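Got a structure here, written out as structure tokens. Questions coming.
Per-chain residue numbering starts at 1, and chain names A, B, C, D, E and F are given in the order in which the chains are listed.
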């Protein structure tokens, strides 16, 4: 797997490395390689899914919140072993990468995504749209998420939400 | 058509001797749906509208629904809470088209008719016309053109409304069991911690049944068993209001019957896994007992939830015969400290559309709906705990509360 | 069912003594919608179909709708305009599946039956079969299997069609007021400057009412007041055809009643802002008077618009009981120079789905529709200007034209 | 309502003396759609369910549909194939919610009721309650609560099911013509090479007619003519089962009537183009004759296809009155070598939603549906080959098979 | 805010600068910072929203047309102060950046977008799809739109169009 | 048309050249310049459209398969001259470019796409979503597809599929 040389650490390559990170992240989910999902985060990394409404009203509740590798792994174990749901797949689009700031090795970025969900009989729908609000760090040459906050445009979830976004 | 509008429903006859069997037609019939709006939601019931704490100040309003009727809930200058149908008396536009706000009066943007916070029409734009031309004639009386008002009662911070003069007072409607059940959970002023909603591809009644169905909990939701964590065993019990319309289901931290669950539950790999981070299972006792789970349903469409430290109210909104929306309002208490708030956020992973022990409820209703549509006369069967509508102490293996719901539905529908 | 197909509608009774009150059921009832197609759009009315200038050459065709019936409008070799239902006489496929084109004949692609430009069946593929096998028998007469034709009349470049033999001639249908009103605006050969359409999440009649509702203009659309620009005051007036079915509303550049608007209009911040670039408000007088706004409605679903230099026709298409589509065709005159075209483009910012003074009309209809569905028996009230259906000079504060629309609807529906 | 549920349909009367004309109402009427589920798909017909080779092992199951009823097809321990309605006898959830799998028993996840592979209820979770509380009473008999079973017959690897005891044996149902027609194509064990499906925005019957309509082939699909390749000429012929319900259409490699096609087919540019790569037109004779195209329809909704070396079964699923889904299962034989498989993949460019000679069938049905809705009483006409329902040798220019379909439909519907 | 160094003025960085411009543009709209929207254009810049139908038929009418900063500001003032509409938000996806030409400092580009609209109760829909056809200029080291033409795929607008695309 | 200098053949420019290739490809289709579509492939290039279901079950059938320029051209000729369909247009989004591997001059990549179809009366729908799985080669300084496999998320095609994806 050819990755962008990390020493070439200027804005140009940084942007491309983050593009590659985002691409790699969504393919890992869309290909159902969910056991690799926790590895995109630092050991004490945080992931949450909330709504624009809660976000703008300053309300703390998230639909999903994982803090630290253990909770990430528990999510996947539950998805694989405990929870019941109709088989379905995701297809992410991710675009509009914006690098908001860089300081003390933490890169703050924002991107938009749309997510198409497909059920096993073929029913396809726009399941979610929103933005990724991220804090990214370089972890010996590899970019990881110290924080990835998923802010959904809509408060509505169709049926259920089991696969991470 | 006309007959239906009077609320009668000549064509439909309940096909069984009691409510232990239900025809699939009730989930798929467009006409029944229309009649339900009239005779259930606009009938002799108390509809949950919002939380008092969502509209703390005079002029604060929130839009909501009673059945599928759009409603405005607003606090007036005197601090009283008023509820009106969100439909202008002039041509019927929504008067409030934003989810919440603060206003001095209710002005409809279409032609600027203005209502006070109690729904009385106070001003009609150009009532005298222009240059003496146009405008209203004397036969028009403001007093005959106010917004349609609902009767309102507030209980423990929950705001309820009814369309009917005949609906009994809220406390009587709930009955002693439910009154004390609500008392037990909503012990302090409430604070909203967040919102989300869930779309069900099924008739609203299937989700109501799901909540009253204390039988399915440990069978459909096997998170506890899978991870071998302290689980809501099939002990505990249920209580039912004398009317049969409302219920509560509870479990305590006493695992007497685990082996029975083990024996029963073929699907989940018993304790095969363990949580790497059990934070979300921690229960900070705060209600003066060690009840771990307490689900209360108030007819027709309110659920009050205590699951460990996850407090929530769930409001169900019918959206046509084949769809419904569940609005989750996640709660804490006014005096929660930051740590407690963070704990509630963590434990919230258990519930909601993404909740470890609740997500399945979003799926099963749609599965029934899909199977139901092709045979309207086929009957479900609810034999658990016999056919009676009675409480059960020490076991939640009963469908009594679901049978009770159908009793309430039939009484409202006069079917 | 059958009865409905004959167009009767036994179950629905108009619930009020005149048309100053209307039951919400008319916006939500599926059966009424079906009957409307028969008795309004396929009844004794003239439906706007297209502009003559859209099909200038022999063989030019355009597909359109009358109500929700797909229609072909085509110019034949003789230069005459023909309108036919876009449904093959064989198995019912659309004969034209492209929005426009030029053809020598109308060939249905499914089995290649061919019609001339007047809709007569001229050829049936393999009518004699193959090798003497198959094909048609003698009982089949081409003359009995043409496309269903509409009667067509063209007025000032507007093409109208009717399904009924009984519909009176177009000029009589419109009446003198409307004839001269159209004459005033469409004074020269027209040129299409562009198209766009707008989806309303409401019954088609709510948008028709909105156009006939001269009362809402300065109250809902506060762009003028907000920016303190020359505004369509509530003076001007409306005219109504003797039938009551059609109307026109106009305003002139005379601001007599501004203070009254100021007094009335509580919502908009009076003249708080000013346009940084007022280009789009400039009015190049071109129609020989200083009428700034002139909205004409022709029953059932055509609107002719002059707003300053924005000329347009708006065609409304019902799309089921809860939805409709408005197709805007923006017009100029054949002899517009480039500067005038650019001016029309600039002023077009005022109208359409993104128009400063018209976008709101897209929202309010949906708000009524949402509020309407939960109470079919509730009544709107239209008391402005009394209950009569009469013109108003010097004031547009009247709902007379809306009452007139309901008169027309009831007459068509025989309700 | 109730009457409809008994399957009668008092309001609809067939408006013509035979089945050579059909009213558009049959494509748009919601009530007729509901009755069809009962009287056609759940009536005295054999519904195609799946291929035997899709569930080779004991415990293998596949979910499918009969009309719009969800069905489970499963092979039991004895190797027999069972078909049951996919609806739990308890509260009606789908028992299988995955498209395929292998199971020891059928366990409903909602409350863990368990059925054997023949659909018998074998276990009810917590049947004895917990600690003696709750659970079932003695009146509950497992034997009365199994899954609803269909009768199953397998023919040449095709699995069929019927809801009715009265349906005659499959071979009799098909009749000699169809039995030998299926024999001709499915000569060896089958292998699935792939799946895809196609959504039609039209009533299911319009696609069934399209398949029985041997008249449209060379007229709508002009790929062959355009490229001047060997084409399914309008010779060949059709056969019809004695019942009139089923048909087959075939063409051989004998171009007797090409000139007639040339004479007829006005639309396609005769042989104006040539294929740069004709691979996909190559026909590897494998069925012992030189029939190039053979389309077989089995009432109500199965199509068996041989087009050159493209073998497929197409299963049509109604999805409400205005929509249907066609599931294509592309087939090869067990003993195909890699080269033959690659050849079938290449020739598959001819068929399916993207098929050079079939894509149009996806469009025309929707065109009829759109034109149909605005006039329910208007009639189609099917005069090709007269009015009789009889085979045709040497010509496919006949609508006999379509008339036969309507005969079957009317017999099932008792209309 | 870390921006791509403008002196690194080769194709590589140009492409990334335009990516950044497009990202910044859509976030400005999606975050409801509409008062900043006019600043993406040159003082005499032009913005229009038309349809593919009008575009292909050579018809001049646009749904929205702004020429010069004044008209941009008037649009936003009307949106904030005068027009009535149900609250809703946008979420843009933008991709397929194609640089068509460069001459006299004017860069001609084309991108595709899809736009998801979310109403306050959570109803989400694909509100628009189409392309941005742009003329971009470097305005002392900052890229701005001399012209941005929005060509909608569909002639249909659901309800109304008040927020710029 | 300004293209990324091909000699600058490192990861950075490669990524951008592939971005440009993908952008150019979708605009060629979306602009209805279909006669140019075969030129994106090598002379013996292969294109196919299949479904995730067939792909994951290892089933060979595709909805469309073109091997070699001839079959590509035949597809377009049939579309222009023979097949009947209601006029409609495509608007592609393409994102999440992932470069899987590079060896012997063959670059293996993966991207996600969504495809909005618009009918002539304005009806717009999410027609397809899925991924491009590609083998790309540098053909004297120009990137071309030796193989482009379109894997649709859904088995369902609405009405018909005539324009390549």
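As a convention for this text, contacts are C-beta pairs under 8 Å (C-beta built on N, C-alpha and C of every residue); 3 or more make two chains touch, one makes a residue touch a chain.
These figures come from a predicted structure and were not determined experimentally.
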Please report the minimal path length, in steps, between chain D and chain E on the chain touch graph.
2
Spelling it out: a chain qualifies if it touches chain A and also touches chain E; which chains qualify?
B, F
Using only Cα atoms to place each chain's centre, name the chain farthest from chain C.
A
Selected pair, greater C-beta contact count between A-D and C-E:
C-E
Distance in whole angstrom between the CA centres of chain B and chain D is 43
As a quick test, compute the distance in whole Å between the mean CA positions of chain D and chain F.
33
Quick check: how many Å separate the C-alpha centres of chain E and chain F?
26
Can you list every residue of chain F that touches 2 or more other chains, as numbers and ranges?
12, 16, 84, 86, 93, 95, 114, 121-122, 126, 155-156
Where in chain B do residues touch two or more of the other chains?
97, 109, 197, 220, 360, 363
Which of line, ring, star, complete or other matches the graph of chains that touch?
other
Each pair of chains that touch: what are they?
A-B, A-D, A-E, A-F, B-C, B-D, B-E, C-D, C-E, C-F, D-F, E-F
Using the touch rule from the top, collect the residues of chain B that touch chain C in their complex.
1-2, 5, 37, 42, 67-70, 85-94, 97, 107, 109-112, 114, 125-126, 129-131, 133-137, 139-140, 145, 148
Hey, which residues of chain D end up touching chain A in the complex?
97-99, 109, 197
Complex contact set, residues of chain C against chain E:
192-201, 220, 222-223, 225-227, 268-269, 272-273, 275-277, 279-280, 325, 330, 341-342, 344-346, 348-349, 352-354, 356, 359-360, 362-363, 366
What residues on chain A touch chain F, complex-wise?
1-5, 8, 12-13, 16, 19-20, 22-24, 26-27, 30, 89, 91-95, 114, 116, 118, 121-126
Under the definition above, what is the set of chain F residues touching chain C in their complex?
84, 86-87, 120-122
